[in-house]
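First chain A sits with chain B, and in the next complex the same chain sits with chain C.
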Partner chain A sequence: MSLYIEKLSVLYKENSHAIQALEEVNLELHSGKCLSIIGESGSGKTTLALACLGLLPKNASIEGEIRLNGRPVDYDDEKSLNDLRWAEISIVFQNGAANLNPVHRIIDQVAEPLIHRKGIGHEEAISSAAKILGEFGLGHNECNRFPQQLSGGQIQRALLAMALIMDPDVLILDEPTCGLDALTKSMVANIIRETKDKNKAVLLITHDLEFAERNSDVVAMLYLGQIMETLPSKDLFHSPMHPYTMAMVRAYPAMNTARDLGGIRGDAFYRTMHQHGHKKGAVYRHTHIQSPGYEHESGHAPSTGCIFQNRCTQAVDACRLEPVALEVIGGHEVRCVRHGIVDILSLKGVEKKYGDVVALNSTNFTIKAGEVFSLVGETGSGKTTLAMIAAGVLKPENGKRIFEGKDMDDWIRSDYESFSRKTGVVFQNPAEAISHRFTVFEAVAEPLRIHGLFNNNDELNTKVKEALGYVHLSTDTAFLGRYPHELNMGALQRVSIARALVLKPSLLIADEPTSSLDPSVQAKVIKLLLELQTELGLSMLFVTHDIGLARKISDRIGVMLSGRLVEVGPASLIIERPAHPYTRLLIDSVSGIPPDFPKSQLTLASNSGCPFTERCNRVKDVCKHKNPSLIGIEERLVACHYPLISKNVK
Partner chain B sequence: MIDSINHCTPRWLGMAVAFGLAALIMIYLSYSLPRLLPGDFVISMYSSSQVTLTSEQETELRDYYMEDPGFFKYALRLAHLDWGYSYAFLMPVSALFFSALPWTLLLLGTAHILSMFIGFVSGVEVAWRRDSWLEKGMVSTMTILEGVPEISTGVVLLVLFALHLEWFPASGATTAYAELSFWTKLIDIGYHLALPLLTLILAYFPGNFLLARNSMVMVIKKPYIMTAKAKGLPDRRIRYAHAARNALLPLVTRFGLRLAFIITGALVVERIFSYPGLGTLLFNAIKARDLPLIQSVVLVSSLMVLAIILCLEIIYRIIDPRVVYEH
Partner chain C sequence: MNIRFKKGLFRDRWFTVGFFLAVFFAALTLFGPALSPFDPWDMSFEPISPPTADHILGVNDGGQDIFSELLYAIRNTVVFGLISGLVALGLGVLIGIVAGWSGGLIDIILMRISDVFLAVPVIMVLILIAALFRPAPLFLALILAGFMWPTISKTIRAQTLSTREAPHIRAAQQMGGSSWYIIHRHLMPEIFPLYLIGFAAKCRMAVFMEASLAFLGLFDPSRKSLGMMISYAIKYYYLDIWWNWLLPPIACLSLLIMTVTFLAISLEKVLDPRLKDTLKESTA
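Our next item is the complex of A and B:
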C-alpha cells in the first residue's frame, strides 16, 4: 500500500503558452507514513494532489507516472480512475464548505459513495455514515443539516469523515488546517495519527510548517513545480539544508519563533513558457515568472540553472549554468549547486591577545549564508574582538578564517581590496564613525571612490542615491550636502548603514548599531536592517549586549563569556530553554530580575576552571579545575559541566 | 433591532401582510384603470351598427351602462364573489371566465412545462459537453431563436402548416358541432393545440435552454463538483444530483416570472390561432369596452400571478435550503 510518483511533470496549456505546474517530481509515500508537501502558493501543491486522483483538467499535459499500490494510474481510462477514486485514494480539498454541495444534507453526501459506488442499501449506508460522523464528533442533529448551517470546524470534520467512508489506502489532505481554530487543528492531527496507525498513507499539503513538522515523517519543499529539498520533518526548523527551506521557516510564525518574521525576497507566482517567433522565423521556448510587477521583458526566469537563483541568498555564477538535480546530502535530498546552505564565514580556533590580556580564547564559529547571527555577552566578553576578526579588520594570532570558501588570511594578504568589498561594517557610535568633515554624499561615496567602482559622476550619484534609498533616507541635494552634526542619531546611523551597503557586500557586520539610540529610533533601525537583510539577501553578524534585542532579530545566537563562546544555537531554543547558567543570567537581567548570587564580578579568562564559577549557583568542584568544552545538547552547543537542560533529553 | 423584530414575528405573517397589500392595490387598479380607456361601451356597440341613436337614447344608455358604483361598492360586490354581468355577451362574467380559463391553462401550462423541461435537459447535457461543436452550434442557434418573437413564429407556422400544407387546423380548440367519443375528442383537442403550442414552445424554449446552460456552466466550476468527481460517482449522478440540481434555481425563477405573462403571452398566440382562451376573451372585452368583463379578467389573472409567486416562494425553500437560512 503506497504511492509512488515518478518524474511527474504537468503543463497547463493555454493558447500559445503553457504554465509549468510540476517538473519531474519524484516522491514516495509508504503506508503508515505521512509526507508533507510545503510550498508557496502557486508552487504546484494542489496540482500534485489532483494528479494523484486523475482529476487534472483537460488542458493539462502529464508526463511521468503515478503508481498506486503497484499499479500505474491510467489517465485516459475514466472507468479505472473511478474505481480508484475514494476506494483507494481519497482527498479532503481545501476551502472547507465550498466542497460540499449546498443542496444536499451532510449525511447524504457522506453516504453517497457507499450507495452509488458499492451499491449498499440506502438505510445501511446512512447508518454507516452516521457512525463515522459520530466518531468525528458530529451528532444526529449536525448530520442532518445542510453545509451552510455548520461551522468551519464541523465542515472539516464532515469532509474528513466523507474522505474516510470507503476506507481508502491513501488520504490526501489539502490545507486541512487552513483557517481553522487550534482545537480543530489538533483534531485533524489526531486523525492523521489514527490514519497512520491503521497502516494507511497520508499526503499532507500545507502552508503550516509547524503542523507539518509535528505530524509528518518526511517533508518535501516545492518551489515553482520543483522539489527543492526533501528532509526528515524533525530537521525542518533547525537544520534545513536548502536556502528556500530556511527562508520558508523564517517566514513562518511558529509558536516558539522569537524573531521578527522575514519573507523571501522577490516574488514568484507561476512559471509560463511560450514561444516567440525569432527574426529569422525560428521559434524558441523560454520561461517567464509571472507576477503582477513584471513586464514581459523583465520577467524572464533564469533560462538555465537553478529556478530559485534570483531569490536565493547564496546564488553564485555557477547557479546560472545548468539545471540542478537533487542529490542526497546527510539524509536530505537537496537541489542546490552549492550542495545546500553554505557557510559564508567560518572561523576555526581563532585567538587574540592584547599584550598579556587574552581577549579571545580559541573559538570556532560559522555564519551561514542568509542568516542573522547574533553575538551576545557582557562588556569585555570579546564580542567586538570576534566581530572585527570576522570582518577582517583585526588579525587573529592563531587559527584559520574561511570566507566564501577561500582562505581569508591569504585573500586579505594578496588582494585586500576585493575582500573588503565583501564585508560591510556598521559601528557602534555613528557620530564617531563618520568623519565630521564629510557631507552625507561624501561619506556614502567614499567606499566607491576608494574602490574606483564608477565610471563617471552620474553613476556615482546614482549609486549613492540607491544606497540612501535602501535605508529610506532623502536623496535630495539639500540632504546630500548636510554634515553629520546636522543630523540626528537615527539618521546618522542610517547613513552609516548606507555606507556599509554601497559596495553590495555579502556579509554585514553590525557592532552594537543601536546601543546609542533611544528605543523608538532603535526599533526603526532594527526593522530597516531586517528588511535589508531579506531584500538584499545578506548574511549578518550582529553584536549586542542586549539578548532581548538579539531574540527579535537572529536566527542563531552565540553567547560569549570571557573570550569564549559558551552557548551557540538556534535563537528560539536558546531563549526558550537556555542551557548555560550564564545565558539564563543574561535573560533574567534583561527583565531586571536580581541575580541570586552574592556579588557580581567579571573575571577575565583563566586557563583553569570555568570563567562563570564565581557567579554560578550550580558550581561544583570540577568547575573550578576544568574548563568545560562545547558539547551538543538539543541542537545546540554548550560549554558547561552541569547545563540547565539534561543531556539525555531527545 | 431589525434582527430582534424578525426573531419575534413569524416570517409567514410578514409575507401574508405583503401579499394582502399587493392584492388590495390590484383590486383598486382593476377598478380604476379600465375606466381610463378612451371611448365606452355605447360608442363601440352602436358606432358600427345601422341604428342611429337620438341624444336622449344615448344619454339613457350611457347612464345605464356607465354608472359608477364607487370603489367601495365594487369591492363589496367582489367580496360576495359577484363578478358582474357582461354587457356584450349578456352572460355572467364568471361563466365566460371559467369557460375560457381551461383552454389558456392547457395551452400555456403545457407550453411552459414542456419548454422548461426540454430547455433544462438540453441545457444540462450541452453544458456538460463544454467546448464541443454541439455546444457551440446549439448556443448560437438558440441565441438567434431567442430573438424571434412569437408573433412571427406563429404567423409562419400558421401559413406553412395550416394554410399551405393543411396538416393542422387554423383556428379553434375543438372541431365545432362534432359528436366525438372521449378518446377521439382528446385527439381532436391535441390536434388543435399543436400549432399554438409549438409557437409558444419555440418562443420559450431557447431562453430556458440558454439560462440552463449558463447556470450549469457556472455550477460545473464549483469545488463540490470536483469533490463529486473525486468520489468516483457515476457521471449521470454528478450531472444531475450535484450539478443540475444547483443549476435549477434560476430556471425556476424564470418559470415563475414567465407565468406572470400567462395572459399577455396567450393574447397574441390565441389571437393568431383564434384559440378560445382568456387572451381572446380579454381582447374581445377590450374591443367592446365591456367594463365588467375587463375588470374581472384583469383582476383575476393578476391575482393568479400573485398566487403563483406565493407558490414559488414555497417551492424555492424546498429546492434550495439556503433560501430559508440566509438572512
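Our next item is the complex of A and C:
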C-alpha cells in the first residue's frame, strides 16, 4: 500500500501562457510513513494533493504518473477515480467550513460516503459516523448541528472524521493545522500517529515546520513546483542542506528560536510557461518566474538554470547555466549546483601569537553561506583576532583558511584586490574607522575608488546612493557632503555599513558594530544589519561580547574563552541549554546574576589545563592538567570535561 | 584635501595677516628689480647720506641706493629660504614616510643615516664649505637642505608609525587599497600639519642661515643679501643710520619669518576639519 508519484508535471493553461504548478515531481510514500510537503504559498503543494485525487480543474494538463497501490491513476476515467476517492485515498481540505455543505447537518455529511459508496443503510451509517465523530471529540449535540454553528477546530475534526470514515490507505492532509489552536493541533498529531500505526500512509501538506518535523518521517521542500530537497525530518531544523530549506527554517517561529525571524530574500509568485520562436527559428518552451518588477520581453532567450538562483544566498554563475537535477547527498536529495549549502569560510587550526602572548589557540570553525555566526566571549578572549583572521586582515601563524572553496592565503598573496571585494568589514568604532577628512560620499565611494569599479562620476554617484539606500540614509547633497564628526554615532555606523556593502561582498564581518551605540540606536542598526543580511543574501560573522545580542541575531554561536572556542552550535540550543559552564556564566551575567565562584580573574591562555578552571565550580583534578578538546553533544561541540548536559542525552 | 578652504581661511586672522605679508613679499620678490629705482650696484651716489626724495632709505657707505639694495636682498633671501625649505621638506617627507611605512631594515638604515646628519653641526659645515669652495648660493641652499631633512623625517616617521595603525587606515587596507593609495589618500593628508610645521621651521632656519652666512661675509660680496646689509650697517652703528639702514633689513628678515609661521599655523587649523570648528573663533 503506497503512493508513487513519478515525473508529475502540472500546467494550468491560460491563453498562450500556462502556469507551471509542478515540474517533474518524484515522490514515494510508503505505508506506515508520513511524508510532509513544505513550501511557500504558490509552490504547488495543494496542486500536488489535488493531482493525487484527480481533482485538478479542466484547464490543468498533467504529465507523468501517479500510482496508488501499484495501479496507475487514470485521470480520464471518472468512474475509477470515484472508486479510489474516500476508499483508498482521502483528503482533508484546507479552509475547513468552506468544504462543508451549509444546509446539511455535520453527521449527515460524514455519513454520506458510507451510504453512497458502500451502500450501507442510513441508520447504520449514521451510527458509524456518530462513533467516529465521538472519537474526535464531537458529541451528540455538535454532530447534529450545521457547519456554520461549529467552531473552526470542530469543523477540522469533522473533516478528519469524514476523511477517515472509509478507512482509506492514504490520507492527505492539506494544511490541517492552519489556524488551529494548539490543542486541536495535538489532536491532529495524534490522528497522524494512529493512522501510521494502522500501517497507512499520510501525506501532510503544511507550512508548519515544527509540526512537520515532529509528525512526519520525511520532508520534501517544494519551491515553485520543483522539489528542492527531500530530507529526513529530524534533520530539518539543524542540518538542512539546501539554502531554501535553511531559509524556510529561519523564517519559521519555532518555540525555541531565539533569533529574530529571517526570511527569504526577494519574492516569487508563480512560474509561467510559454513558448515562442527564438533566434534561428527554433521554438523554445520555457518558464519564467513571476516576481515583483518582472516584465516579459518578447523574443528573449529562455531563462535557464536553477529556479531558486535569484533568491539564493550562494548563487554563482554556474547556477544560471543548466537546469539542476536532484542528487543524493548524505541521506538527503538535494537540487543544487553547489551540492547543498556550502561553507563560505572555513578555518582549520588557525593560531595567532603576539610575541609571547597567545591570542588564539588552534581553532577550527566554518561559516555556512547565508548564515549569521556570532562569536561571543569576554574581553581578551580572542574574538577580534579570530574575526580579523577570517577577514584576511591578520595572518595566522599556522593553519589553513578556505574561502569560497579556495585557499585563502594563496588568494590573498596572489590577488588581494579580488579577495577584498568578497569581504566587507564593519569596524568597532565608526568614528575612527572612517577618516575624519572624508565626507560621507567619499567614505562610501572609497572602496569603489580603490577598485576602480565605476566608469564615470554618474555611475559612482548611483552606486554610492544605492549603498546609502540600503542603510536607510539620506542621499541628498547636503548629507553626502557631511563630515564624520558632524554625524551621530548611529548614522556614522550606518555609513560604515554602507561602505562595507558597496562592493557587494559575500561575507560581512562585523566587529562589535554596536558596542559604541546606545540600546535604541543599537536596535536600529541590528535590525538593519539583519534585514540586509536577508535581502542581500550575505553570510555574516558577528563579533560581540553581549550574548543577549548574539541570541537575537545568530543562527549559530561560537563561545570563546582565552583564545579557544569552547562551545559551538546552533544559537537556540546553546542559549537554551548551555553545555559549558563558561557559557552558563555568560548567560547569567547578562542579567546581572552574581557569579558563585570566589575569585574572578581572567586567566591567560595556558597549554595545560582548562582555562576556565579558576572560575569553574565543577572543577575536578583532570581540569587542571588536561585541556579538554571539543566533543559533540546534541548538535553542538563543547570543550569541557564535565559539561552541564549529559553526553548521552540525544 | 577636499576641505572647504576659502570659507574657513579668511575668517582666520592668522591667515589674513600671513597671506597679505606673503603677497607683499611675493610681489617684492617677483617685481623687485622692476620696482627698484636705481641699480643697486651703482656706486655713483653720495656715500652715507640720509634719506631724500630720490633715495627713500638713503645711500650706504659704498654710494649705493639702500632701497634698491633691499629689494634685491629680499629676493635673494626669499628664494634661498624657499628652495632650501622645499628641498628639505621633500627629502624629509619622502624618507620619513618610506621609513615609517616600510619598517624593518629600511627603517633602521634610513633612521641611522638621519642620525648621522643630525650629529653634524650644520653651521660649521656650511661655513667651511662656503669658505673653501665658494659655491653658488643655489648649491649652498641645497647643501643646507641636505642637512635639515632629518628632523622633518624623524617627526614624519614617528607620526607615520602611529597613523598607520589607525582604524581607518586598517579599513582602507582591508578594502584592498594599495600602499600608494593609502599613503596618498590617508597618510599624507593626515600628517599634513607636520609638513607645514616642518616647512615653516626649515624656511625660517634657511632664511636665518642665509642671513648669517652673508653676515659673516661668506657669500660673494657683490651678492645682495639681508645679512650682508646688516653686517655693513652695523659697522656704522655710531652714525645715526640705524633706522634707515640697519632697521629695514632686520624688519624684513623678521617679517619674512613671521609670514611663514603665520601661514603654517592657520593652514594647520583650517586643513583639519575637527580643529576648524573649535578654533574658528579663537585667536590662538
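Simple rule for what comes next: the second predicted complex is superposed on the first by the 629 of 650 C-alpha atoms of A that agree within 3 Å, B and C clash if a C-alpha of one lies under 4 Å from a C-alpha of the other, contacts with A are read in each partner's own complex, and residues count from 1 in each chain.
The rule we apply is simple: a contact is a pair of C-beta atoms (placed from the backbone, for glycine too) under 8 Å apart; a residue touches a chain by one contact, two chains touch by 3 or more.
Just so we're clear, the structure is a prediction, and the values are computed from it rather than from any experiment.
Of the two partner chains, chain B is the only one that A:91 touches; chain C does not reach it.
Of the two partner chains, neither chain B nor chain C is touched by A:580.
Of the two partner chains placed by the overlay, neither chain B nor chain C lies in contact with A:551.
In the superposed model, A:82 makes contact with chain B only, not with chain C.
In the superposition on chain A, A:148 makes contact with chain B only, not with chain C.
In the superposition on chain A, A:417 contacts chain C only, with no contact to chain B. Using the contact criterion defined above for the overlaid structures, shared-chain residue A:391 touches chain C, although it does not reach chain B. Interface of chain A with chain B (complex): residues 53, 55, 81-87, 90-91, 93, 95, 98-104, 112-113, 116-117, 146, 148-149, 162.
Taken in their complex, chain B has these residues touching chain A: 222-224, 226-234, 237, 241-242, 245-246, 319-322, 325-326. Contact residues of chain C toward chain A in the complex are 1-3, 166-168, 170-178, 181, 185-186, 189-190, 273-274. In the complex of the two chains, the chain A residues touching chain C come out as 391-393, 416-417, 419-421, 423, 425, 427-429, 432-437, 439, 442, 446-447, 450-451, 483, 485, 499, 503.
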